[in-house]
Amino acid sequence: MNALRRLLQLAATLFAASLLIFLAMQVLPGDPAEVLLGMNADPVAIAALRTEMGLDRPLPVQFASWLGGVLTGDFGLSATYDVPVTDLMLERAVVTVPLAIMGVALSLGIALPVGLIAAIRRGKGADRAAMGLALFGLSVPNMWLGLMLIYVFAVVLGLAPAGGFPGWDSGVGRAFGALIMPAIALAVPQAAILTRIVRTSVVEAMDEDYVTLARAKGRRLGPAVLYHALPNAWAPILTIVGLQFGFLVSGAVVIETVFSLPGLGRLLFQAVNQRDLMVVAGVVLVLVATVVIVNALCDGLAAWINPRQRTAATA
Amino acid sequence: MRTALALSVLCVFAVGAILAIWWTPYPVDTMAIANRFAGPSLAHPLGTDQYGRDLLSMLMVGARTSLGVAAAAIAIGVAFGAPLGLLAAASDGIAGALVMRVNDIIFAFPALIVAVILTTSFGPGAMNAVFAIGVFNIPVFARLTASSARRILALDFIDAARLSGKGKVRIALEHVAPNIAPIILTQATTQFAIAILAEAGLSYVGLGAQPPSVSWGRMLNEAQTLVALAPQLAVWPGLAIAVAVLTVTTLGEALRRRLDPRFQRVRVA
Amino acid sequence: MLTVDALTAHAGRTPLLSGVSLRLGAGERLAIVGASGSGKSLTARASLALPPAGLTYGGRVALDGRDLLTMSEADLAPLRGRDIAMIFQEPATALNPAMRIGTQIEEPLRIHTDLNRTARRERVAALLERTGLRAVGVGPERFPHQLSGGQRQRVAVAIALALSPRLVIADEPTSALDSVSAAVVLDLLVRLTAEEGAGLILITHDLAVARRAERIAVMDAGRVVEEGATAAFLKAPKSEAGQRLVAAARLVLPPHPEVRADAAPHVLSAEGVTVMRGARATVRDASIAIAAGERLALVGGSGSGKTTLMRAVLGLLPRTGTVSVHGTPVVRPDEPRLRQTARLVFQDPATSFNPRHSVRRIVTEPLYRSGLSRREKTRRATAALAAVGLGEDALWRKPHAFSGGQRQRIAIARALIAEPEILVADEAVSALDAAIKADIVRLLDRLTRESGIGLVFIAHDLGLVRLLADRIVVMDDGAIVEEGDVAQIFGSPRHPATRALVAEAEALA
Amino acid sequence: MALRVLFTFFLSIAAIVSAQAQTVDRPLVIGMGLEPPHLDPTAGAAAAIDEILYANVLEGLTRITEDGSVAPALATDWDISDDGLTVVFHLREGVTFHDGAPFDAEVAKFALDRARAEGAENAQPQLFTAIDTVEATDPTTLTLTLKEPDGDLVYSLGWGDAVMVHPDSAEANKQTPIGTGPFRFERWRRGDRVVLVRNDDYWGEPAKLPRVEFAFITDPAVALASLLAGDVQAYPSFPAPESLPVLEADQRFTVAIGTTEGETIMAINAARPPFDDVRVRRALSNAIDRNALVEGAMYGTATPIGSHFPPHAKAYVDLTDVYPYDPDKARALLEEAGVSDLKTTLTLPPTQYARRSGEIIAAQLRAVGIEAELIPVEWAEWLSRVFRGKDYDLTIVAHTEPNDINIYARPDYYFHVENARLDEIIASLAVEADPDKRTPLLEEAQRLITEDAVNVFLFQLPKNGVWDKRLHGLWTNSPIQANDVTGVYWTE
């Protein structure tokens, strides 16, 4: 029942978002048909292309046909590349999706242990050091970090490629190699935020009597935090991860620019410059939908972790 | 101590930014290309940029844009978000749920996406950055206001006020607003720090401030290819962004400690 | 067995304990009593070498001669839970909300023993049996939030006794529970520790709890001011703090003049009040009437709908049914007539004031539509504060500058300032220490006696009810089940809910 | 649905990962700033299309060499009748397309007819306007009859817009171009790179490189970093001139500053007052310090120009002294024209030279009392608003087509300056093939547009080539938009 309501809400949000995106595309200046045909195009040819692209149909009809297509996995045809937008996005997703996953994994991989240690060593040197680092990580713009990484590791040390993506067919190792620095640049600010959240949530949970009780049972501090404080800190952490996902998407778009990665973000910028409306609409919708869905997933997971909500129906 | 330091740094930044409205050591709209890439000197404490403009003057003017955009964006976020949140908290029924739903939809659009859409529609510019970051902040403040207000509204003194015959608006102003203001203020500092970074990011990818206006993010963008030639061009704006964010975050934390009863209370059972 | 020598505790530079010394033999029961802030909980925590965050201990706490305070975490862990176990005050926070209770009871066994899974399960089942949880259908698969407060505290007892420790420390084990559950838990704790031959330290502010111990130590301002055998102490407390405690427990009020409860029209009456929360009625068809100058107690277990009923009558919750003032029905819930007649005093002094307002502003709030001048308002506020025993200097301070008891006086002053005919006190003393509680009860008695003001008080403490009430209304599961004067209710309770309440009150007395 | 997309996505990852193509020892990776929208040079104006495919994959009847001259390609030679109305091309024998289809006169006829057809997508229809009919006389002979003599025809047929395509494959060329060149198209990973591999069945001398990749790197900083890191070994047109001194100092690189056909101008909308007044336009020319501009925007790598003509061309006249940098004169001219406190706009397309020049020019104009508001736009908006819509005051752009001075005679072009004498000159140039007669005409045309101060002529766009020292055979100059790698080779 609860899950069904969540799903309905999700669907409504996605629908509203797609409508918003579609409307936004309508106010863009520059005629896509004109752009497509270039400097010396014939007005008759432009008009013909407009008809072919369906730009002369009423707006509701255009929206319905676009949304209908999207629901069947067809995002329309790219004006610049003349190939299906879906193919174009899938081609780019093999860069962006692994990048985002690596970014999330890395930021969690950094934030969880560091945040936990900082919480356990509250007020001690390790805590101060971790929080200082987190504050620093929070303050550094990620594109700047990306530039510095390129400069140090690619230019000066020559350990990693400076940018670009060799493709998965050049070998999984090389492809991952090209994504490591971007993932680090992407993950550091996220990790900084998450470290602080992990620490705060765990510290808050640590102050609860049940952690003290666990220690009174004979648990040492570390295990008491791990078994008792952390499970209860998960819900706020997950909620924040969900809320942060929008930042992550923005960050990924910027980072793709810094590292010249052929991902969805680059596709978006190119499409904006070329007024490739179908691609812009498609990518924006996919990114927005991802944010919405990840958010909902995190919320759902946080609720599922909390037995109070999970067993609400039976209690 | 740390707070005092942060406060004075912020004051320096703010004074510099405000001063730059009327005066900078050198004008930033004239170029002296012969004198470009000059190192630090008495005349130019931080050196000059690729057009021979004084870097200190550029940073001051840049601060105006960067801090101004951030401040304006937060103002938008609070001005729209807080009343919406109050409305949502006060009306438990459909109106409240609707407000929160709209919020969710707005929240689904990351600032960068909003900036992309605005840029494609109206061309790039600092105002886009203000709106994009502002729009992104509305649901943040709406959610925070709604949850804080709900918590306050559940307390006994609200009932006491109702029993004294006070109306909803009066209770909101007298009892709810003063008690959630510190929470919102604290969040505003956090969001302000994020907004500085967001502005830098947008300017960096060309969706924010445009020439001839100067912003830290744009300076960083332009300095990119010059890193080998004149590293100071990238170092100063990068540092300015980092220090500004660091300062604001530190102040926000100090504020949180002062205002949050959890930090005041020593747990003595 | 346990020796505490010159124990100190500091939060930063602030001393919280100074030179506490105690001794406890094997199997002995000791009660540490004192007002809140006297340091009794800190002393208890020291026995496990578990200071709350930000605190440091000094001195010596020795178990069988080994100083716990100087031991490393690694050496302490094997002692905790096996030799010494602890029970916390608040059952809502002492159990991990994300873990099944079976797992939580099993945890000490996993840490300290080599028992296999089956053996551990059996032991958990036995503990559930012994604590009476099995009997009420609570199995190991439950989560804490699915249990009532009393049941959770029984889980805490099961955890404490899982390894038959030599010493159990119970920090206010019953003060967060309603009186029925409190009695059950306390009985259980005393009986099971006795069966195991374990020592027990009972920390409490309630002498009714403390009298179950063989010895009593009284603490005040971080020191032990008195220690001795329970009977001797109760008979003749030597220290001032001890005398205060005993006096509070023996509170006696002069008899209240007879009030004609059926004198019509009643000052305030409600008929057929029903309050819905979602699809469920939290109050069903309740009727209640209060005569001028009458002291009416509204009693019942937690969740029986007492508070909901009174809030609905005062217009704070949407309701159906009729509410009349002096026999004339109130049409709109926020009618000034209703507000002027009855004022509410809230349960929790911590949340009943806007922390940002001065006491003057808080106390004069009910005069908001009165049209009085600022000066007149201030004059009345001064008078109201004087009536509850606070000076004029209180006017300009913020609520956090006052203690819990003082805050409750301010709350009463706020209720009095509009010169109501009835004061509705919602558990107004249940969050207070015994000694302060007695002060407030005396204040309420004096006010009603002197000004002829009526009093409706919601309570679960039947001792207090017997002391203060003229008439008692009993609620159970949202409905009024019984009504009568004190002698009648205590002498011949008819409804099962009433009988249970009265039985508890007798047991604790 | 979502599941289906997800499934497809994982399938494509799996397919790509398992493909594991072979690696070739010494491939060449060439960096480019812009990605082409598609890969058919006969159906689009984007320079990036030609820069990948011209001469490498797709060949024409003739070709243009590095020095700008015409050379035989798929035609071995040609005869022009005395009246100039018939041109006969003799075609190379034994040429096949990459898919094995043979090349002959019928194919050539198809390719030319397709390019010049009514409503064709070809971006340069004016190249073919003189052609009346195309006949395949025999398999190796192609006869063109003209409506009027066209001195440029053989040159025009060397453009990328006139390359030979096969009827069977022409329609698919946008995605998978199939030509006759020394390299075969292998794959195009959109947003990233196009990969070409050696065509071992080439009719001529085979290419020396086994594989060439064109990587698209928009960001100048990444361009520099990837060059330094060795991910990219050559930039025929390096986007960050400010980095050239660093690269020149680096032993690993060759820096070759060459020429292009790109005249960078600040175009003026003379249809809008006060720019209809030639004094105001001249004032603009006097107000701008070209040397400072070249230094500030291009780091000294460009050559200032005084008219719309490339300095390396034979008929070039140096007119840079006609309007020297003289702010006082500019102010005086403005005063004479009765213009004071002029507020105007300067629209800037997204290229770096335009954005940087715009910023400097705005500062220089401010010094003579002209406030120019900078309006940055994307290419699409520039095309529709400025170029086609003529809705602008001032704009900065480089006109990169070769021999394009004739745009000044086009009716209703976006500059809006009319000059009857210039129209005559351009008309006679169109039919004049004799170089000796063309030169004076071209010189006069240059002087006329400078006299009229139609636009402010800024500088010739340089071709800042940077590549690995061990690489040889890359073009220094760019007489046509192309990166001809047919003769490129590595040395140790």
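Per-chain residue numbering starts at 1, and chain names A, B, C and D are given in the order in which the chains are listed.
The rule is simple: a contact is a pair of C-beta atoms (placed from the backbone, for glycine too) under 8 Å apart; a residue touches a chain by one contact, two chains touch by 3 or more.
Bear in mind the structure is a predicted one, so any value in this text is a computation, not a measurement.
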Worksheet item: If you walk touching chains, what's the least steps from chain A to chain D?
Response: 1
Worksheet item: How many angstrom lie between the CA centroids of chain C and chain D, rounded to a whole number?
Response: 87
Worksheet item: Just how far, in Å, is the C-alpha centre of chain C from the one of chain B?
Response: 46
Fill in: Between chain B and chain D, centroid-to-centroid distance (C-alpha), Å
44
Worksheet item: In whole angstrom, what separates the CA-based centres of chain A and chain B?
Response: 22
Fill in: chain A residues counted as touching two or more neighbouring chains
29, 147, 151, 207, 257, 272, 275
Worksheet item: Can you list the chain D residues in contact with two or more other chains?
Response: 219, 221, 350, 381
Fill in: Sites on chain C at which at least two other chains make contact
52-53
Discussion item. Following the definition at the start, I'd like every touching pair of chains, please.
Written reply: A-B, A-C, A-D, B-C, B-D
Worksheet item: Which part of chain D faces chain B closely enough to touch in the complex?
Response: 219-221, 224, 240, 242-243, 245-246, 292, 295-296, 348, 350, 355, 358-360, 362-364, 366-367, 374-377, 381
Fill in: Complex contact set, residues of chain C against chain B
11, 14, 16, 37, 41-42, 45, 52-54, 89, 171, 311, 314-316, 334, 336, 339, 343-344, 346-348, 351-356, 362, 365-369, 414
Discussion item. For the complex, give me every residue of chain B touching chain C.
Written reply: 155-157, 159-166, 174-175, 178-179, 266-269
Fill in: For the chain A and chain C complex, residues of the former touching the latter
122, 206-210, 212-221, 228, 231-232, 305-308, 311, 315
Worksheet entry | Contacting residues of chain B [partner chain D, same complex] | 29-31, 33-34, 36, 50-51, 123-124, 206, 210-212, 224-229
